[in-house]
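First up is the structure itself, then whatever we jot down about it.
The chains carry the letters A, B, C and D, assigned in the order they are written, with residues numbered from 1 in each.
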């Protein structure tokens, strides 16, 4: 396997852009990544585009206004992990020698779905009796609270931290901090969750340019290296299942730590999939940042906040930065690239050398999740 | 690059199955391919699933009832080329050493869309003033007729041939031959096309198992080899554009012939993307089976019919076998695998050693098509 | 006894049966190949791939594994409502509405039992029924 | 001069303008970077990536490159109707309805000219206008 570098990274501010058509949401990120990378667009040999709700030919539609079609475009879908799946496929295509320079796009425009709760999986027997995504995570939260004594106030501190970080990020959908009282008092969505325990819906696009290690020096003096990119799907369980444990994340994390030789203690900065407040705590545990049941202690210690030992979701995470589903994985990677380059401004994790991104999603009955993608980058 | 073999191939009869949920349309093809390959399902290291309209996590939903999740599942979308894109990604993942045994799925259930004309690309400026997919191809047909003197009667012979072949194929949606008079008199869809110049909408799933050459002998004595798999996207043209030439197919064909060393004259059997009658004729030319403007002479000579020099669409093609969009590329590959194994029954192309599949689609303003995938298999 | 009897409409077709006494039972699948009991009844066993799946009445009692009171519901669904995971005594987990869960939320692990009730009303005004669970009040 | 003037609704926002004489013009984009003329006006030039795109009135005449009479239309569209590709004299190709194309289909390559007319009626009963082309009858 050849070494692979990220040499370009760009995204727009996540938000609600109903007035933009899909392609116009997407191409500025692509243009930004190409320019950041210092490549000529004609050097891009292939494009991997992740989108969950974009409909057919998402990548081609984004590339068309830039005159960049005419190469293989592979549109990848894996619910919340769509963008990260595209990144992983592009990374391996270069590592294995197929291409030298590849573009990755993650994009979704959720405002085109008309608002309200995102549609669940069609034909899902749990959705058919009333399960929604917030309710699924609310059940995970309630069980976790029951088993480990987590209080709703403690749960709410996750959102307070997310919004505190997001306030430092000009690319975040929400850039206003919130108080514990505001989180506790927000209108209920799926108990114990109020509105501020749930990520917003929004529109977003992010893009990255990847290249083979042996050509990276032509474009940059500051490559960010890809140590590994793991993708897996959830195991189907028909009986009792411990929903306080993130099966798919735990298994995926084990695989990437083994593959890369990186251990949880080596990670300097991480973006994890906090679509709901409980998720960040569960993923601390599944990613090995702390032991089972001790996630809140880790949060409370400040270790995962700006200036801490292992800052998590410096971008604000999904709760504050926003969660344009198929774009999320790519947006996480853009953030970590910026962190490792030292370009993250007020939210910079000082001296970060190893970064991790994690996204997982796609509610589907009987599985922890449809997909989970974990990536480790380093300088 | 390692050699890669197709060792398992399966599909159900294409048709209208509104009573089946998506997963139940899909898993029988997967089970069939696994059993045909003689692999244990636990040996499957990754899954590539192509679907255009299936919604999120198409692959995971199909794999779940078989207990086959827990591995990387990459859902690929490229409109009509979705299934072929999944096949190409799987092929390269093995050829480049990532995996030894990979499953490919192509699936779509168009009956869940509620009938009528398939929705065009959202936010497409040509669709917004009334363009439909049949109308786009009808315009190509009318221009071709104008430039090359093709008559509507000659055009209709494409459908007659397709239905003649489809009548021999137990997997075809339509298994009844039609007369020239029936094609000419069918109710108009988009002039000069009547109903029988257009492929039907339907539901379908197809699956294949691929493996590295060095393990193929563990599973079969009759591997079918993948000579090459090409994928590209259409070039964006803002001005005048010759719609009688299939730009994307011609360019893709040039690339795969060069890559594999196979020439058009070497091809013994081909499945081409005859979504509309004119398409088959245009693709004869773009694939190099004849010169520009001479496609009808090739058809009339019998060369592309059963028993001819280069039989095209022995399965009945999209016009007769059906066109469950994301499944089509995989279904074409299943057909060619069966042809190369000599298992195609009454529609067998005798002694076929080299087979080609071609699919292209995704109407998108300014491009010939969103995507085109061409594959060459041999024994 | 009129001709206007409306067939009950269920959220999950085939999921509700009845025992000898006419009491409702939640129906799952019993695999002829390996004995796995699964809800809802699959067409193929995810463990042994047997396609021989028999209808089986599942346990009517279980424990409340978790639940949530849903306020942000999908269009056409009355809210708030309580949705739960119930672990049945025979090893099957079922997602189901929790009867009275909004007004009287029970503790987790509380014993619950099956009832059948109205889930929501379809666009054409017909009630859609489903399995539901309610806390067990009497001793067993 | 009442308050009830309804703004015309166009299938493609910003696509219809007018010349000094008040005659309708089809508006495209003129790239400040490379001079490319494109319909509809893009936000960025696909050739030179300039984002400076000026409104430009496109040629009102062209040739009928091809057309089809559509019978199987999308929901809400009156059918049959004729849809065409028109190659304008200034090098731009436009997809547009062909006026009277159902009853009097012209030969390909026939000269055509721009008009503006009703495309269809929106769900709320308001007419949606678009550019259309009709065969040129008078000498030029």
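Heads up, the rule we're going with is that contacts are C-beta pairs under 8 Å (C-beta built on N, C-alpha and C of every residue); 3 or more make two chains touch, one makes a residue touch a chain.
Everything numeric in this text was worked out from a predicted model, so none of it was measured.
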item: Chain whose Cα centroid lies at the greatest distance from that of chain A; value: D
item: Between chain A and chain B, centroid-to-centroid distance (C-alpha), Å; value: 34
item: Computed distance of Cα centres, chain D from chain A, in Å; value: 42
item: Separation of chain C from chain D, taking each centre as the mean of its C-alpha atoms, in whole Å; value: 56
item: For chain D, residues contacting two or more additional chains; value: 46
item: Per-residue multi-chain contacts in chain A, two or more chains; value: 64, 67, 236
item: Contact pairs between chains, per stated definition; value: A-B, A-C, A-D, B-C, B-D
item: Chain A residues touching chain D - in the complex, by the definition given at the top; value: 24, 27, 31, 64-67
item: Chain B-touching residues of chain A, taken from the complex the two chains share; value: 21-23, 52-53, 55-61, 63-64, 67, 69-79, 85, 89, 92-93, 96-98, 112, 121-123, 231-236, 251, 362, 364, 366-367, 370-371
item: Touch list for chain C against partner chain B, complex; value: 42-44, 46-47, 49
item: Touching residues (chain side chain D, partner chain B) in the complex; value: 11-12, 36, 38-40, 46, 65-75, 77, 80-81, 83-85, 87, 91-93, 95-97, 108-109, 119-120, 130-131
item: Residues of chain B that touch chain D when the two form their complex; value: 116-117, 119-120, 125-126, 128-132, 134-135, 138-140, 142-143, 146, 187-193, 236, 238-241, 243, 365
